[in-house]
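Below are two complexes that have chain A in common, paired first with chain B and then with chain C.
Take a look at the complex of A and B:
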């Protein structure tokens, strides 16, 4: 008896399951949302490329039946840039962690956003270095605990959305694993968008982040996401005091008219032919 | 374009660009650095005219990542850099090696370590080209010595990369890169171009890293309809990570044997007056030009000297050195560093004989006189 759901057609479940992810981890839920978005857009699997860096989140490509590339820590976006330029018809999905995408890979992220190259970047933001066992990341909030912040983190964290907008990405959104329906819709829009589309997905790592920060169970962490996120439309009516410590979710920027890098390059090639 | 009827004075870096285009290169990703920048500028000008792509990345890590990505998507791809950039690229050279991705990395050597001597010549990245990245690996590196050879060996570098599915380093030096010499563009049909092996089996039976007798597997590009996994982790023939002892050993040995099985095919060298030589000079790159002149001058003084010029530096041609050392009484290794290749030469010689270095590491091209000076010393050490 084989699995019936059409999602199995997109998974390397016979070869690769079970996954490396811990019980309660949010990455699998995000993987499901990405696959459903690809399914509902009707993309040919041969045209989809998933690229990742290094980390728990970056293990995702091994499980999905696309062209998949698991690269080096922080550099996934630069690899994806080469693939997209060489074969522009391919659909590039990059998954990174918060350390992968913002610390070691921060430079590639802001420059790819600046070029507005047609790549969808799903930043799986669990506020911790998962793979290496719980060190603080560029999105670990002030005062939160990590194994390299045993007395509480003294560094301020990045606002991924503001960073993406400032760097020049033409589609920028934030969502959370708790908001599964919204997450699916946003990822679908991000995939359809032509240009750099960044989705900051708040995810949970109960085993490391949760344990160190008094939220041991996945349910507690998901409830935290529920309580600490505010929809962008609702947030518009709230005062800064009311939004203190909250994460706004929704689509912050969606500009289809910004020049996209690979198209601009093609225009350059065409102009030289004349 | 300069051809037989119309030879031209061409710079080494530009000849490298011509060679890349002749080999079918359609992607260049790079970051500016002296003394390699003219290659990037040439490619930025020429590639889009031919439908190819040039991108200036945000750093060298990104450059090589984009180059590897382009190659995985089916393009022949390259970068060009120098010392500091070459150091930054090492992690991705290892990635290209373990993922069996053909790429060409041109390293125009300048003095180091660190920022070192940005505008002066050197051969001090010779060992780095062989052992720069972490882990066990078998590198391939070629070193031309004239502008004409830069063209020829750039093509050969692409051919070796495509055939072996591995990164190939083209070692140039500042002198060669910036020197202008007579250059003849060879007739196009005389240029051998090799392309990577493509699958004939249907997708259902396809294994990207299949063990084959000659260790070369089929390599379809992303988007060709063969969906497979690539990872920098040690992997099984399907491409998926493995921690099974027997699979780890097999995959490591495949990468090694791939280079060693085809070593002869990609070992390039030239002998100059070695037939009756009692003394041997070993050199490569621009140092070999001074060495050739040293041979000519020493012969005037009836010293029976010959030159072995290496074009393939890695994998190191141990067998060749062993064979040539049999008939000589002493060897001088001329190089513009503190003595890097000499270690390999010493290891390769089966019997004890005097082996001395002729070294220069002040950023200036080594002279024939300096090499003759070492020849006399090796001669003297034998007398005693």
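Take a look at the complex of A and C:
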């Protein structure tokens, strides 16, 4: 006997809660947005597959009541590709961290984007390796601090959106945990999109990144996101100087007409049967 | 159903517009900080509660932002069989 919200039908709440994530970590909020997007699209949860690699963000499949697969570091997209090819009717959601998706898994990412395979990739971008204790990642901004960059990071960071577009993904967007309503809408569009849909979600890791970069509380980190993001429509009217140090959020690319890999594969099979 | 005994969230304000499950709350402070009307407050332990129910406009900010599914909309509640 007990209370129940419809969202709990999508959670493994009897066994797995509370989550392992630190207080105020953005990953849980993103998980809520993904589940609500699936709910509002009316997908049967048995048709949804969530695949992850290794990292704090990759713990997500433990908590959601979809078909789930927790794989090895950086390899989630490779597993998801196999599932999608074998069972094309399933909706594939890959969740990665910035390290998982762009460092060790960077190669899988660019090639899946190039093939434009129908997978939704939610890249939980907290600018740090959370699980292993705060090493800098490919998205740690220059001069930011990490436990492996105690004097400030000297490397430039990847622009995930530009990378996704250049690699060939047909849907590319950026949002932030602060922009909770926008995040939900974008994830919904990404799920509906047929082709590789990449969503770069700026998230907060208060205990490592926040502590090292003078933002001790989750609330401070969310306010930082508010101040450092500009909507794509507003950004179009601003000068490069005004956009210095800001992250543009919104949908950058949404092309439904690019050939999708599984459909192309099926066409090839059909043509050879004739 | 062998699992039902495990970790069943406790309802703190069953009759309210929103419900806080203390067991899952990690006291991150996000809901209280971002409630646009100031309806929520923290108790002495840092656990949020609907201090001024009249102020709550059911805007959804707190339960959408909560990273721990510890706040849900009151009317959404249904009894489990």
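As a convention for this text, the second predicted complex is superposed on the first by the 272 of 274 C-alpha atoms of A that agree within 3 Å, B and C clash if a C-alpha of one lies under 4 Å from a C-alpha of the other, contacts with A are read in each partner's own complex, and residues count from 1 in each chain.
The rule we apply is simple: a residue touches a chain if its C-beta (ideal position, glycine included) is under 8 Å from a C-beta of that chain, and two chains touch if they have at least 3 such contacts.
As the structure is a computational prediction, the values presented were derived from the model and not from experiment.
Of the two partner chains placed by the overlay, only chain B lies in contact with A:107; chain C stays clear of it.
Of the two partner chains, neither chain B nor chain C is touched by A:55. Once chain A of one complex is fitted onto chain A of the other, the partner contacts of A:99 are absent, as it touches neither chain B nor chain C. Once the two complexes are overlaid on the shared chain, A:195 sits clear of chain B and of chain C alike. Of the two partner chains, both chain B and chain C are touched by A:15.
Judged by the touch definition given at the top, the superposed model places A:180 against chain C, while chain B stays out of reach. Using the contact criterion defined above for the overlaid structures, shared-chain residue A:134 touches neither chain B nor chain C, since it reaches no partner.
After overlaying the two complexes on the shared chain, residue contacts for A:265 are found with chain B alone; chain C is out of touch. Counting contacts as defined above, chain A residues 15 meet chain B in one complex and chain C in the other. Those residues of chain C that touch chain A in the shared complex are 3-4, 6-9, 11, 14, 19, 23-24, 26-30, 33-34, 61, 64-70, 72-73, 76-80. Note for the complex: chain A touches chain C at residues 1-8, 11, 13-15, 17-19, 21-29, 31-33, 36, 180-181, 184, 217-219, 222.
Here chain B touches chain A in the complex through residues 26-27, 29, 48-49, 51, 53, 55, 57-59, 61-63, 65-75, 77, 91-92, 95, 221-225, 227-233, 238, 240-241, going by the rule given at the top.
Across the interface of their complex, chain B is touched by residues 12, 15-16, 45-47, 49, 51, 61-62, 65-72, 74-75, 78-87, 89-90, 107-108, 111, 265, 268-269, 272 of chain A.
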